[in-house]
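Chain nomenclature is as follows: A, B, C and D, assigned in order of appearance, with residue numbering initiated at 1 for each chain independently.
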Amino acid sequence: MPWDRNQMAERAAKELEDGFYVNLGIGIPTLVANYIGEDIDVTLQSENGMLGMGPFPYEDEVDPDLINAGKQTITELRRTSYFSSADSFGMIRGGHIDLSILGAMEVSEKGDLANWMIPGKMVKGMGGAMDLVAGVKRVVVVMDHTSKNGDPKLLHECSLPLTGQGVVDMVITNLGVFEIDETGMKLTELAPDVTVEDVKASTEADFEVAV
Amino acid sequence: MPWDRNQMAERAAKELEDGFYVNLGIGIPTLVANYIGEDIDVTLQSENGMLGMGPFPYEDEVDPDLINAGKQTITELRRTSYFSSADSFGMIRGGHIDLSILGAMEVSEKGDLANWMIPGKMVKGMGGAMDLVAGVKRVVVVMDHTSKNGDPKLLHECSLPLTGQGVVDMVITNLGVFEIDETGMKLTELAPDVTVEDVKASTEADFEVAV
Amino acid sequence: MKKIYPDARAALDGLCFDGMTVMSGGFGLCGIPENLIAALRDTGAKDLTVISNNAGVDDFGLGLLLQTRQIKKMISSYVGENKEFERQYLSNELELEFNPQGTLAERCRAGGAGIPAFYTKTGVGTMIAEGKEHKEFNGETYIMETGLIADLSIVKAWKGDEQGNLVFRKTARNFNPMMATAGKVTVAEVEEIVPLGSLDPDCIHTPGIFVQRMIKGDHEKRIEQRTVRQRENA
Amino acid sequence: MKKIYPDARAALDGLCFDGMTVMSGGFGLCGIPENLIAALRDTGAKDLTVISNNAGVDDFGLGLLLQTRQIKKMISSYVGENKEFERQYLSNELELEFNPQGTLAERCRAGGAGIPAFYTKTGVGTMIAEGKEHKEFNGETYIMETGLIADLSIVKAWKGDEQGNLVFRKTARNFNPMMATAGKVTVAEVEEIVPLGSLDPDCIHTPGIFVQRMIKGDHEKRIEQRTVRQRENA
């Protein structure tokens, strides 16, 4: 049985280590915060200028001056610090964030990532995604294995405009987990009852099997 | 009678305007602060990270965490802000300081400035001088007209390593005041009882007389 | 030199002209200079190039200037919240230059700090890199990005004093401090004008040297995504 | 992840090696990491490249590392206060690279912010520009300067909490914040370790992400130029 959104988030949470500074993208990556182990201390960064992001506020705590990069109202913690966008992206670009977990439209077997634009349709913009994938030490993508039409999203080459070239280190889909390095892509885990053949049937990218 | 140090500082203070942000160098330029008109509001910047520099402290106010760029103990004002060296020189390099008044060893008729190094002797370093002359909107030099040996310091070309090229807008010496622009150097004021001939006799640089 | 002006209209008087470049602080609707945006609209200045991370929503923030077609070009990282923007862009009434958010922030900082250009690896291998100078450092490829300055920067702070010293609050800081440094003229709106000497000099985010004019504004502070959790035993 | 160490020796344990590059915060003797400099001396690590605006005085600050000949090269803007420095430099025992102070500060910031190089007009037409890439922007000439990073950065702050969040005091801030960002490992010494949550989150100068280890130090805070005025009617 393929993983659902929460199970994918739970799997992604295993990539977190004690003392990590982490940036979580919008969508499934946001759910990862619910699965951070109690035995580890992780600090969440929000690229609009905050380190030490807390949970969503109770109704009476809502503060319009306190939002995350998805423009959602959030809260602060005792460890929180605020800073400018320039300082925030200095932190990101300078390689100080340990891990970024984000969604994707396409990933290539070389680790290229496309997640910001569909030509001909409205382009919303890349926001901080290009900076994150270029600067953060390790990039984990969490996404459905195929598009809504059933088309593969793990490809030889991305067809959409890139967010970054050779930037993805791991992909977690509803079917399993892939690691990507200079030597290529490797399937390292399968969701329960999913077979290698199932994965191959819905994947265009070449990958080594190492489950 | 040529100007003394205090008179040179007093003359330099006339270059200050209401609302100016000003950086004063070490030596005679520091004395300029004593002659700021009561009718104008001027803010002094210290390039080690302070805007709104106050006077020297009384003995019981001395604070080792509060020094100026000459490493002298100073005080703060109600308007004071502190910032990092990077932010301080961003302010300087970005052209936000209206005026810098500083000392010099040599100035050329094209506005080149040498004030940081004598080859073969110990070199102490340029500190923030190169940044100041490159970044500040207007640079006024205050210096003795000749060296201790009587050699001219206003030259066709500087003989010492430059601090900046074409950066000086005005020179105030004990003999008079010179303005420098793309067209060259111009004598615009004389100290009391000093003649144009006196000035010419101790000046190598070519200058137009416009007193 | 009095920096405090009675209202937004007075604070923009004489500063606005057709074809000018304006930087506007804020992230989404958080920390935007609401009052000055409205006053900028009221000046009628048109063919504006606006540098702002986002473009507001249809009826608030920079959306006001889109409604009146005063904007010729936007330089932004994300404009997904604004339908009027989409319409004008798709019908070629509006130019758009996307910058990665960190590149945009750094370009503003660079402009204010006298740095005409810098290198970054953000965007290498993407369409953002097309036509830009590439250079290798330590075996890695980087692209050159240029500093940005504006004819006018409008920013929003929490507190300010008569010298123009500004303090921002929480994530409403965002692009405001860099943009304050990169305007030929910078006008700030604050929630509260405080007596000189009451701001901690170690905690001033924008020293007054960067602020030429200031007003006290009234702030709606609209929230885009009110996201809350429920108390378990309420 | 415990960041607080019992003392300076423990905080440097395992971090120091011959030939390493060290950034050391401070301006003159103001805001220097006194305790960590002494502990670095005690590690005996030699052939150090030290990036610091100044070189201390003969018997204090980085002067301690000059006495023991542990420094191979200094990158500084001004070293005029140190006679032992002069002696070693004139006898070619010590390499020296002068950087304009603002260029040095910006190089540290750039290194920490992932910017491998930037352009500045500081130093154009001087010996500082020799051998550096020149480039024109808008008709003006600029030179390229590169970002700096260090194997170890040692910084001094006023207050810090267990997460490594730091606050500096007055002009003791100077180079410390940028250097904290540019160390592969950054160790901070503070005057006071405060409880988590007691620092104002809007006023944290160095977020804890940049600080890997921290100690409470004892600070002599020597003054170089005690300059005072007299009360007129004391």
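Details
To be clear about the criterion, contacts are C-beta pairs under 8 Å (C-beta built on N, C-alpha and C of every residue); 3 or more make two chains touch, one makes a residue touch a chain.
This one's a predicted model, so the numbers in the text were calculated from it and none came from an experiment.
Note on connectivity: the fewest steps through touching chains from subunit A to subunit B is 2. If you compare A-C with A-D, the chain pair joined by more contacting C-beta pairs is A-C.
Distance between subunit B and subunit D, defined via averaged C-alpha coordinates, is recorded as 28 Å.
Centres computed as Cα averages put subunit A at a distance of 36 Å from subunit D. With centres taken as mean Cα positions, subunit D sits 32 Å from subunit C. Counting only residues that touch two or more partner chains, subunit C has 106, 109, 113-115, 120-121, 168-170, 173, 201-202, 205. Multi-chain contact residues of subunit A (touching two or more other chains): 76, 82-83, 89-90, 92-93, 135.
In terms of inter-chain touching, the protein chains here follow a pattern that is not a line, ring, star or complete graph. Two chains count as a pair here when they touch; such pairs are A-C, A-D, B-C, B-D, C-D.
Against subunit C, the residues of subunit D that register as touching in their complex are 106, 110, 113-121, 135, 137-138, 140, 142, 146, 167-170, 173, 200-203, 205. Within the complex, the subunit A residues that touch subunit D are 18-19, 21, 41, 43, 45, 51-52, 76, 78-83, 89-97, 135. Remark: subunit C residues 1, 109, 111-115, 161, 163, 165, 181, 196-197, 199, 201-202, 204, 207-210 touch subunit B in the complex. Taken together, the subunit A residues at the contact with subunit C in this complex read 46-50, 55-59, 62-68, 70-74, 76, 82-86, 88-90, 92-93, 112, 122-131, 134-135, 161-166. Only residues 27-31, 53, 76-81, 86, 89-90, 98, 100-106, 108-109, 120-128, 158, 168-178, 205, 221-231 of subunit D touch subunit B when the two sit together in their complex.
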